[in-house]
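Labels run A, B, C, D, E and F following the written order; every chain starts at residue 1.
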Amino acid sequence: MPAALRLASPTMSEEKETTNGRPDGRSPGELRSVRFRNHIAPHATGSTLIEWGDTRVICAVCMDDNVPRWMKEQKVEGGWLTAEYSMLPYSTVSRKARDISRGKMDGRSTEIQRLIGRSLRSAIDLKKIGSRTVWIDCDVLQADGGTRTASITGAFVALRLAVARLMAEGLIKEDPIINSVAAVSVGIVNGLACCDLPYVEDVAASVDMNLVMTGKGEFIEVQGTGEEATFTPDELTAMLALGKSGIEQLLQLQEAAVSAG
Amino acid sequence: MPAALRLASPTMSEEKETTNGRPDGRSPGELRSVRFRNHIAPHATGSTLIEWGDTRVICAVCMDDNVPRWMKEQKVEGGWLTAEYSMLPYSTVSRKARDISRGKMDGRSTEIQRLIGRSLRSAIDLKKIGSRTVWIDCDVLQADGGTRTASITGAFVALRLAVARLMAEGLIKEDPIINSVAAVSVGIVNGLACCDLPYVEDVAASVDMNLVMTGKGEFIEVQGTGEEATFTPDELTAMLALGKSGIEQLLQLQEAAVSAG
Amino acid sequence: MPAALRLASPTMSEEKETTNGRPDGRSPGELRSVRFRNHIAPHATGSTLIEWGDTRVICAVCMDDNVPRWMKEQKVEGGWLTAEYSMLPYSTVSRKARDISRGKMDGRSTEIQRLIGRSLRSAIDLKKIGSRTVWIDCDVLQADGGTRTASITGAFVALRLAVARLMAEGLIKEDPIINSVAAVSVGIVNGLACCDLPYVEDVAASVDMNLVMTGKGEFIEVQGTGEEATFTPDELTAMLALGKSGIEQLLQLQEAAVSAG
Amino acid sequence: MPAALRLASPTMSEEKETTNGRPDGRSPGELRSVRFRNHIAPHATGSTLIEWGDTRVICAVCMDDNVPRWMKEQKVEGGWLTAEYSMLPYSTVSRKARDISRGKMDGRSTEIQRLIGRSLRSAIDLKKIGSRTVWIDCDVLQADGGTRTASITGAFVALRLAVARLMAEGLIKEDPIINSVAAVSVGIVNGLACCDLPYVEDVAASVDMNLVMTGKGEFIEVQGTGEEATFTPDELTAMLALGKSGIEQLLQLQEAAVSAG
Amino acid sequence: MPAALRLASPTMSEEKETTNGRPDGRSPGELRSVRFRNHIAPHATGSTLIEWGDTRVICAVCMDDNVPRWMKEQKVEGGWLTAEYSMLPYSTVSRKARDISRGKMDGRSTEIQRLIGRSLRSAIDLKKIGSRTVWIDCDVLQADGGTRTASITGAFVALRLAVARLMAEGLIKEDPIINSVAAVSVGIVNGLACCDLPYVEDVAASVDMNLVMTGKGEFIEVQGTGEEATFTPDELTAMLALGKSGIEQLLQLQEAAVSAG
Amino acid sequence: MPAALRLASPTMSEEKETTNGRPDGRSPGELRSVRFRNHIAPHATGSTLIEWGDTRVICAVCMDDNVPRWMKEQKVEGGWLTAEYSMLPYSTVSRKARDISRGKMDGRSTEIQRLIGRSLRSAIDLKKIGSRTVWIDCDVLQADGGTRTASITGAFVALRLAVARLMAEGLIKEDPIINSVAAVSVGIVNGLACCDLPYVEDVAASVDMNLVMTGKGEFIEVQGTGEEATFTPDELTAMLALGKSGIEQLLQLQEAAVSAG
């Protein structure tokens, strides 16, 4: 699989002509195009619309001058960060009923929002934000695979924008960001390790893995699942390599988006 | 649009030039700018983002090959149309908790989505859409007054786009649209009847009225509320005149947006 | 009461004697009989059973030495008034399941109880009732059209009785009632504007309107809905005239009921 | 009714004249006055308002041409009977929040409605009512102790009225009533066995017992509870005797109410 | 029925050979074998697994340094005791869905846990436990009739173990136990009064009664139900006698279990 | 870290004497003792109580002759397997409120039961079990770290026992088990990679990883989380090696437990 692991920058389109390749002609390590539209939600402290292939997620960061009850009771200093994830009803090909209509939170959404929360808490020193709660909201406008990794990747940009605004307003003295954070999906599709799976590959994949990593090349989360299938240590190694390369590119794209302001 | 926007009821126009006018300098009958960004949600059958001043609402129309249980039980022919309305958490200046977090639907949202549903059902002959449900989803991305009227006005554009697509695909034979529908808010602010109130005027208004009207100048809904205040028949007449004029402009803007496709 | 009931707007009264009139033989502006049975719920601070044709609603007012959390947080002075509306399961021809059995509040009930609350808040100066919550409960014992207008009209009587008792007990110093409030339904049935629609007319009506007005002839709420139909400005004018006349009669009946104690 | 009401168990009658007796001067075995107002809810198949001292409960019986899913799945013949019990918010001295406001059914209400259902199922041969569900609704309008026994006693009258109507309409061929059913509370107050406890005695009672019995003198339910206290076999015997006597009177009052139609 | 009332200790197996007897050969008053496995849940303050025939219930007592809000508001001294009862999904022959999956508490479970709470509150002087809440949890591991009586009987052992531990740790000064408490089911099966009904008898029983009694031979609760049947005073007397005898045995078995520690 | 990676069988107790080691003296790769008590829940098709150190989980498998609605609608052949996970209230040092008391499922439990379901679906060929649902229930009786891995490891034993019973009864023809499945936790504690973390190590760990693997040495799930910390590729490698070794031992212990029947 070494050739497959050669990573392409988004513009390396010359690799697309392989005949038995991916549905959209990408090489195994090639990302779909990624674009950030900042300030999509002006009432949030920071926000961006991440457009990653045909997956689009509104990522917004709001601040609240309050902390969870358990922090007060246990007299924990500093702030908290929590995340909520939802798919808008029209984000999927068949309309998805709202949680409130079904009367309860979707199990998959619960799992994803917990992942987003953990990932972003790794990005920030909560001691430095004062007695505040950072709310991360990720609402999927259009789903085509990788909504959780797009949520994390976009949320980090929104968080940076929010922090920049709070510092500009003097509400936070010291920059609390301690890690850059990005996430990407990898998987085994038709026996081949691939990076950044759209929906059509996701359903065909025997293994589905999500990686969350820092700018220092360290892991925050590794989640690999082989439902109705298993994967070997070699496959794990190949997926980790593809993911690492994808995340390096994403970190650059995030940096550019934050710089643009 | 400048000429068209300088609208006022006959008895009100002389008040336009008073120095202590509306916060944003508009004349009493002048609308904020209105813009439609169609196809914001590509997986929906039809969609638009209505940007009305600083109020922005995602309006999407999805179809479902099913009808409510009561229609089957009562053997009612044709289809159904229903609406759901929600404010995204970051649409307000202070973050608004999601319905599912609070465990129940917001009373105000319930009221608004029922109004949207009734209004759009007046636009369409449900007998002509087959045994289908039309889902109207309105999600507020940014709230600055008039979210319910923006939802109705945007939803009609999204519905027209959805119908056009279904007819192009041959799924519907005959155009089921029987009325053009638009909505606008009017109110009494500091004793003056005004059209299209932003948030700052809305909270100061002694009377708040929402009008839903057709392209033929007929009413679909008239909802006027004077919480902690009342209004006279003359004030009602003034508000109705302002609203009628505003809706005529909105109908033209909708028509242009639908034509653009 | 016979003379009082033969009421009609000036332009409508000649239509009273047409043979193909209303199912119960009333003229367009004629109300069904209205009767109040006070103190139906002795544990409430004030209560009445309003019997309006075959519509009967228990209206009760209870006081609570507490105010909503938001008032405390925002340090708003005075009290609050809130309303709850429910149809008892046996109030309809087919038994209506309780909200708690269905696990959620009925959308229509939500809308109605918000209307009742707004209407009654217009009747009272909440600054004068101290740090208390006034609970208005309206439970429909028998439904035959116009349950929301009966609820408002009856609730005002119950509120007056409650205020009288609190003043007699010295708990409130100054009378907080600032407006008389009554409500009536009007509609267009077979092309004819009619006042006070029973169920059989309500389902046949192309337009359904509810008016809440004060003793000074001012509007508190105007809600007109043309589901699957629209209405013209002339029809609106006719309905407003009929409603105004009906409300004038209701205000007298309420006054008599309150005087009776 | 005066003679009938001066009832006491043989061992108790001499205590009747002690000065330190019951708060309302009744003898231990004496019932409060009981009155039935039939047809309180005309849309129900049968209904009555039972006024038992200051306890008043609306008892209504509705029929539904359907049976629970488990009966269909297990192919059980005949019909079903189920009961719902609720205290109206204004039935208590301090307003009681509605179940739907608290989001869940009250534990006490659950227990009571299960008791009402079991008791009334003992009154009827469900095989003879066809594939129907009998809904018993008991809504407390005013609570002064004994609401569950008033509910059962009133519900039996409402059921008889409903059955009479169904038979008159030919919907049921054979009378399905197999037992007369009435219920009464008994308790130990200040060491004395008493029948039919109002609220003031109920809270002072060391033992609280509810008896449901048939016209043949047999038991349907015996429920005795000594919270924060216990009771001896002799006290049990005394309470059973008082209850039996009270129920005999109630059965006569029910019979009279049903005969009155 | 005198013979039937002859009570057998668990070891009196010679009575089993009667031909027309109970399915498992027991005499009418004979209990199934009862065994306690203490400390089944080491993180609880006290716990036992009661194995009563094929019915097995985990009974655990946890303490919480808090009291319900109503106690604080009403400034009631001392502590509180509350109980929760649940059937584990695999405790029944057909899997029973969890409450949280169905979204609401089972009515029967609500009734049972209220009974357990009342029964155990009779065992303890809550004034002597300080400002604490005693949580009684009863989870049925295997159900074969009599789960509520097993819960109460086992919970009393767990409570004694918990109290012993708290006193050993010096957290409670004075023993708060004021009554021994045990419970047993009795019923009428095929016309015969029987004690301690397993599932097969329970479904065949025309009358089902649960008795909760103290070590002094007094009643805490008497609950007899004749669904689709009634019972005579003589049958009540026979059941009470059988129950009293069963409870005497249970009290000895509990005492031995507590002594074993 | 190489020394730390040396793996010990449970009997290799000689490694325990290292001074600066783990709280319970285990070597980094040493498992706590693991024991299975089969048939803990006799009404389940298969069950076991896994006792893993001080963590104890009831694992039960029930069968249901039904499949989820989506399988019927999509006409998917074969059966389904789903899992539910819950912590009993007394399983933790401070009592944990039941889901039904809090009104919603715990987010962590949702995540865990989805993991259990996916893991066990990898063990079985659902095509071979007919149109049935396999319910896996895991209820934690005592929690001391690793409850999710104990649930998976125990559930596989319970599933094998259930399958054996169904095959013995002829309800399943062919053995549907296609993979052995076991799970273990690994983590980085004080900079040292360790296997099988009890609670005290779990809270101190900078990285927490759960591995689910098959008897063929392949991965089913890899979930590594570094909340408030990150981990390097080398640390990942070390944890994977420890986990692989631990799982090999667990697979042997499971095999022995299944053989014992």
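Throughout what follows, a contact is a pair of C-beta atoms (placed from the backbone, for glycine too) under 8 Å apart; a residue touches a chain by one contact, two chains touch by 3 or more.
Everything numeric here is computed off the predicted structure, so don't read it as measured data.
By the document's definition of touch, common neighbours of subunit A and subunit E comprise F.
Of all residue numbers used where subunit E meets subunit F, over half belong to both copies. The two sides are thus made of the same residues.
With centres set at the average Cα position, the gap from subunit A to subunit F is 28 Å.
Work out the mean CA point of subunit C and of subunit D, and you get 34 Å between them.
Between subunit B and subunit E the centroid-to-centroid distance comes to 61 Å (mean Cα coordinates, whole Å). Shared contact sites, meaning residues of subunit F that touch two or more other chains, fall at 103-105.
Taken chain by chain, the contacts form a single closed ring in which each chain touches exactly two others.
Every residue of subunit B that touches subunit A in the complex is listed here, in rising order: 40-44, 47, 54, 58, 60, 62, 64, 84, 86, 88-95, 98-101, 104-105, 135, 137, 139, 141-143. Subunit D makes touch with subunit E in their complex at residues 104-105, 107-108, 110-111, 113-114, 118, 121-122, 179, 209, 214, 216-233, 236, 240.
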